[in-house]
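The structures come next, written out as structure tokens.
Look at the two complexes coming up: subunit A is in both, with subunit B in one and subunit C in the other.
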Partner chain A sequence: MNEKDEGSAREALLPFRPGVDGPWDRPGAAHLARRAGFGMAPEVVETILELGPERAPALLYERKPEPDGVELTASTALRLGNVEAAQSAWAYRMLLGSSPAIEKLALFWHGHFATSARKVDDAKLMLRQIELFRQKGAGPFLDLLGGVARDPAMLVWLDGNSNRRGKPNENFGRELFELFALGIGNYTETDIKEAARAFTGWHVRDGEYWFNERAHDTGSKTVFGRSGEWGGDDILKMSAEHEACARFISGKLFEFYVHPAPGPELRRELASLFRTTGGKTGEFLAKLLGSRVFHSKKARRAVVSSPADYTVGSLRTIGARASAKALAKSMASMGLELLAPPSVKGWAGGEAWLSSTTLLSRFGFAMGVGGESDFGGEPLEVTADWEKVGAAGPASLFFPEGLPEAIGGDVRAASGGDARTLVVSCLQAPEAQYI
Partner chain B sequence: MNLTRRSFLRATALLGLTPIPRVLLGAAERMASTDDRILVVLELSGGNDGLNTVIPFEDPAYQKNRPTLAQRKGTVLPLGDPGEGKGSGGAGPGAAELGLHSSMGALRDLYREGAVAVVQGVGYPNPSRSHFRSMDIWHTARPEVEDVSTGWLGSTISRSRGRLGALDIGDDRLPLALSGDLHVPALRNLDWVDFLVTDKGKELRRRLRALNARDRVGDVERVRNLALSTLHDLEGLAAMRNQPVAVQYPESRLGDRLKWAGQLIAGGFESRIYYLSHGGFDTHAAQKDSHAELLRQLSEGVSAFHRHMKAAGASGRVVLLVFSEFGRRVRENNSLGTDHGCAAPVLVVSGAARGGIHGAHPSFDDLDDGDLRHHTDFRRVYATVLEDVLGTDPEPVLGGKYEKLDLLRMGKRARV
Partner chain C sequence: MHLGRPFFGAACALFLATLVSGSPGRAEDPALEAYMPDNVIGCLRVRGVRARLDELLKSSALEELKSLDIIRQALSQGGGQELQKYLAEFQAATGKDFIQVAADLLGKEALVGVRFQFSGPEILIVARGSGEKEVEEGLASLRTAAEKKLGRPLEREEATHGDAKIELYEKGKLCIARKGAFIAASNSKSGIETLLDLGAKKSGSSIEGAPFFKKGSAVGKDAFALLVIRPSFIPNFQAKEKADEAGESLLFGGFAKALNASEVISAALDVAGGKLQLSAAIHTKDGEKDKHGATFFPPTSEGAELAARLRARGAVAFLHLRRDLSRWWEARDEIMSERAAGGLLEFGNTMNQLFGKNFQDEVLPEIGPDVTFFARNQEYADLKEKPKPAIPGFALVFELKSSKTLGKKIVSAFQALVAIINIDRAQKKKDEGMSMLVRTEKVGKYDLHTVSLDDDEGPPGLMHNFTPSLAVAGSKVILSSSAELAKLFLDEVEAKSTTAPGAAKPTGDTLTIDGEAVRKILGENHEFLISDNMVKKGHTKEEAEKEIGILYTILDRLRALELRSWRDDDAVRIRLDLGTKWDGSEGSKTSVKKAETGVRL
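Right, the complex of A and B next:
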């Protein structure tokens, strides 16, 4: 951030004032649509434009009834009990569900509390954890932590059952501090060992959380310099109230939703805002996504589109349907395999999404959307109202701020006016790798 | 077919893939007349149980700490007394009391040929038991600093000003070790190589050229360069694609990755550095069978790779370095597995290796909070390969002077 930005860190988080801080227009509404949810479906952009920058964010997080297909794909996955079906069910919901902003927030938490089906090996437990993110992801962070610490998939993932009195397993305690709540450098090895004791007996049995009293260590523990007969919930509370927590979570949300480089002043303000909302992520996001910094020039197209943004977002922008299975596989080929993050650290995100291989996968997906080729795996089976897409103009759908000069002529020349080809060109342009 | 770099370049130019990024062009031209030594780094991700890889099976402390996981005499593959077998394999302190895990027969044969140098007790001060932190340390060679964004190889590549090319054959993201100022290509999806010569592939190339014809600024310019260099690299790979392979690689992901590295090296691809990874070593629970399988894949893959290089007449200039972010705790846990530990052995495999055991096995009498203590800083291993294999001054890369180890029989080279 430059000096001026640093100096005005406090103002950066105040509500964006149309006409004073900049115009409130379609590009601005499209920016919010892309970041809060997936893509820029014209009707979503229109709604946001009408609601205005202050009211729109909160409304995006309201739950609406889901179409039947969402329930159907989820229950199919549960019946089949296989992880691939569960991945498809979530991809389906991202694409056709009623609340893309809630799905995106669930994806954020999935990357944060990164649990992988590779070890959990249970579609039902995995989907249940994602549902937890939908239910509690916008509420107080402590409630979410409580849910996660008792979540059966998490207990399997971080070896809850081998955490027993006298033989503590540090896996959950370590990740709680390092990756879930505080970030490295805000605790000691002793804190981890002691915290692990507090979670002894937090087990999973028959796919449910189970407090195994006999395995629980009731003795005194010292964590963050405070001694007491702490149980797991005490540790969670101490973590959520730790001064590092608000900083850690609010900074990570900012990098995910706004831009990758908040300065130290702004980070302090973010932490303070997060505390002011009582650690309620939904309230925090409603303010953040309506703020001046969110609508600043620096934030526009400043985030590398994740594979979910790229795939689901592109399809939503042109109002297309596609095979959910192929959609999930496409994301995986770009480095984001749903329900299977590469490690407990989640996905690195940002520039790490873009490598030779993943860029090729993106090019292949774009060709699939345009029906040019199903190269790269499972047929996408895209259906869209191409006439409508052609009438709206793919270039203005994907670049409401104006087609970048560098590709303007080339995109039009390459397409010969055909809507599908124009879509492929737009998606393959380097500019389209940012949201 | 042995495609020279110059003809490789011409071939790509003929296919109409212009503009060729200047960085790559310069690299290929310079390299045509200089060095041909190659470093292949193989990362075992998750923390390999070094104690059950190179095993002090005669030590009662080992047997005592590993009640269910210990490999016993008769099962373990003894490395043997010095002088046994051919070459210098078997030499080194304590080799008689050491053995390889029973699933590593292929690697033991290589050891006996003298092609494997085992560096014992490798680590760094104030070890971190976090996968991420420790892996970052191995990747950046900067244990004392956090948030370093340049890797030890990335820094080497940058300093070479294009003299050294690299290729990543790993998982879904570029390893930190290769991060630096210059883009390092990655190789995962090979179907593209065939696709690009079809009509649709040609159409795609035409369009991508048009979309990326003009200079951009900032982040978008980086993506543009990535798109262009990706296309360029694919063309080069296509030329290597149909090379016959003289040896049978094991059918595993690691085997496949090693095979690709072998094919590219044998085909004269412009990379001097290959980075491969092999995951699954975080064996907290019930590790007996899974760890044995991982080691078998490692052993068979590495053996096939070495034989391939030998058949291609390249084994004397190709050096494979195998490491993991840490070893595991000496005492097995209550889940029939092992938790995160510290020091572990590093393997160097090459026709030019000074085969044998380098350094003593870390003592069981002087543990660091239940973990083996390192006596050899990993940066000494890096210094060795940087200077001997890549002809690079290790000091600026490693941020300090680290004494080389006597692991390789390779003449000194002029530094760049």
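Right, the complex of A and C next:
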């Protein structure tokens, strides 16, 4: 990676200066809207534009009251207790909820602390886990880690109840170090084994976390070279304070929100920034999303849109509503099945979202938005004010930075000016696969 | 000329009128059938249009219908909006209400037939209007409106045929002859000449004496509307030979077969004081017995009193089928798609293992032909509060020809199934282990086997609606989602119920749905309906409330629905009876709130 493009790494993370580091304009505000949340709804872009690059990011992570409908669909899904209802309820919240940035962050943590309903087989537990990500996802990482370690869905997923004194199950210990907190190469096999002993007795009973004292190993353990009668919370604290943790988490957040593969120098600065905020993800993101590197040219359209960005983002951009059930199924056909990541590693993301199969699904979705077909699956039932969309200009809604003329000409030529057809053309353009 | 849509709109309005109007009385004039040639594909006859419209206009039902959100929505969008536009244009051009004009022209009786000629489809209409003056004025209004629409006078010629005068418009695209209150019309000159010749008994033969019409019209001689069709005259008329799904085949296979072997199909619609009756008949060709008739229409039963008692005990929905299941299974390759037949084979293999017997040869022949499915609201006496959602219990009852051999096998198959589910759950959720317990209790002289699920100390949820149960009571087997329903059934078997049977014995297939009970269930699960609507359609809560409110509005006006079908020597017959709130029964006197934002119980 050419670090010259970002200036010095330290400067890259300083606040973006409108008029100095670049213009503060509608494309910049739209860039923030679609990265932090889903899509570029005109009213959201306007608000961000008014607030400015420094104030806007922090406000995105303030929780607002949800519309009645969002709470109702969630509570109904809890009562029904089936995974499909839970997936639909979450898709509904992504589309119509009042805090898209918080939903996107919850989605990030869902992929990070990947837990699948296919094994957990309990929609209520899965929904509770997602709620945990909403409640604690923007707070201190250690708090989040503590919540996850006690989360019933996670305990079922990683066979917590098999972790007993004398016969420790290493699943959680391994994933804690490898995938959740530190990353590969920052621990030893012995650390894993010893950490597993510390988590013995962290069980689930009747759908709730239960500390099974009889199954807990109270003996001395040595983790990261330090010995003591460590319990699970001690291991969590050591993990969160490990120098690798800040680098690991901040790096993942950067790749998700800014662009893939930051260089080593930038990673160090990111870790330092993360530590400066006390490991508080929301504060870290507020600074990151207001930084010079975020608003650099390199960061624009640099991230492949996830199926959630593509589907929910498209609909929010044009102010449309759709069947949340169909939305959840569409995302699944594009490789993102909510509440069911393919493995404990979550989703690979990035270019892995784009394959011949998933592109076909994306284009089919685009046609469904335009009302041309329901592409053989659940009907999307899209409703939108097409006159308003037409008046605003779909191309400028989806590409506020403008399209290269050749592509723009093709988009307009393909559509004959009809708003729906223009929207379909925009969504099928290569640029629309990136946010 | 653009009169088709307004006529269609008028037909819809007049249909609404039939729901609330009483019977107009019989037409006393000579039959219009005497005018209709016997080479028509089919014909539609309506009677008493004027009288029914007058009753509707007098009744409060019209105001109520107009105030309904669903009607207002329908009239403000798409086809409804266009209809309103045409009616307004007609009113502006003629100073008359189109619905009234149409009712005057159709007046006492009207008959429409269609036949194919070399020049294309020929439409033949004869009608007896309200009176000579009304007919004259009505036709004049139609002319005026058409000319206004076209922006020019209609091209008009006159011709004579015998002593009748024919008016030809737009080069014969519409031909009309009139005598007093009688009208004949056609889209061709030869058509109208045929009508007039038949009326004068000059030449040709009419449907009045035609065997097909006699057969078809027997379904409802004095009905408000009667439709008789000869499917063999319709090009490419073919019902699906093979069903895509086993369930589809079981329910509808017989009708598809009958349609493909049919000579005449007829239907009659009538109204008796707010109750709608639709009768239909599919007459197969004389002497040609449908190969699978015995499969789908085994001989009708007389001993279905138990079924009638179950209905009287408050079934929300009741479905009784008579099928020769063994023959149906054997014929699966002929009557179902490969995929459906393959699915049945797989099901059969599983049943072989559960029963420890060959399902096709040893089990199925012992079952049937009566199969009853009923659903009933639950009372949840064993629970502290009603679960949310609260869904009706449902039960399947079938007959065993030899309960001694098969009865025990069915019980052990049930227990085996529970064991398999338990093992599967234990493998997936090791810590919860096996969680379904079968317990047996005596109800009267029969054993009731009930599966109890995990005790959940939280508020009762979806799973609390289910206590799967099985009982073998003499020759009857009941498999139920709820022990409560199974006990009710066993009560009836023992004839402990004091409720009188009441309803007529079903003689073939019967489906009944209690509209009020369905409305009650929906009301009790209002939140789930709203949430489901929101999720499926992306609606806000308010929008979902409005849409569900429309459903409530419809159901608030419906009473019971009964659909029966059976086969006699002559035809496969279907009869639908639908009660509405205007039928004068007790329930209909209750006032119903306007569905502004959805009606909730």
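Heads up, the rule we're going with is that the second predicted complex is superposed on the first by the 428 of 435 C-alpha atoms of A that agree within 3 Å, B and C clash if a C-alpha of one lies under 4 Å from a C-alpha of the other, contacts with A are read in each partner's own complex, and residues count from 1 in each chain.
Simple rule for what comes next: contacts are C-beta pairs under 8 Å (C-beta built on N, C-alpha and C of every residue); 3 or more make two chains touch, one makes a residue touch a chain.
Note that the structure is a prediction, hence the values are computed from the model and not measured.
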Combined model on subunit A where subunit B meets subunit C, clash or fit: fit
Which of subunit B and subunit C A:T311 touches, first, second, both or neither: neither
Most subunit A residues touched (candidates subunit B, subunit C): B
C-alpha centroid angle, subunit C to subunit B via subunit A, nearest 10°: 80
Which superposed partner A:T277 touches (first subunit B, second subunit C, both, neither): neither
Touching partner for A:S88 - first (subunit B), second (subunit C), both, neither: second
First, second, both or neither for A:S116, with subunit B first and subunit C second: neither
Minimum Cα separation, subunit C to subunit B, after superposition on A (Å): 5
Subunit A residues contacted in one complex by subunit B, in the other by subunit C: none
In the complex, subunit C residues that touch subunit A: 388-389, 428-431, 461-463, 527-528, 530-532, 534-541, 544
List of subunit A residues in touch with subunit B within their complex: 159, 162, 164, 167, 169-171, 174, 178, 184-185, 189, 302, 304, 333, 335, 342-343, 345, 348, 351-352, 354-361, 363, 367, 372-373, 375-376, 404, 406-407, 410-411, 413-414, 424-425, 428-431, 433-434
Contact footprint of subunit C on subunit A as seen in their complex: 67-69, 72-73, 76-77, 79-81, 85, 88-89, 92, 95-96, 121, 161, 204, 321-325, 381-383
Residues on subunit B engaged by subunit A in the complex (per definition of touch): 129-133, 146, 168, 171-174, 185-189, 191-192, 195, 200, 203-204, 206-208, 210-216, 219-224, 226-227, 229-230, 233, 284-285, 333-335, 339
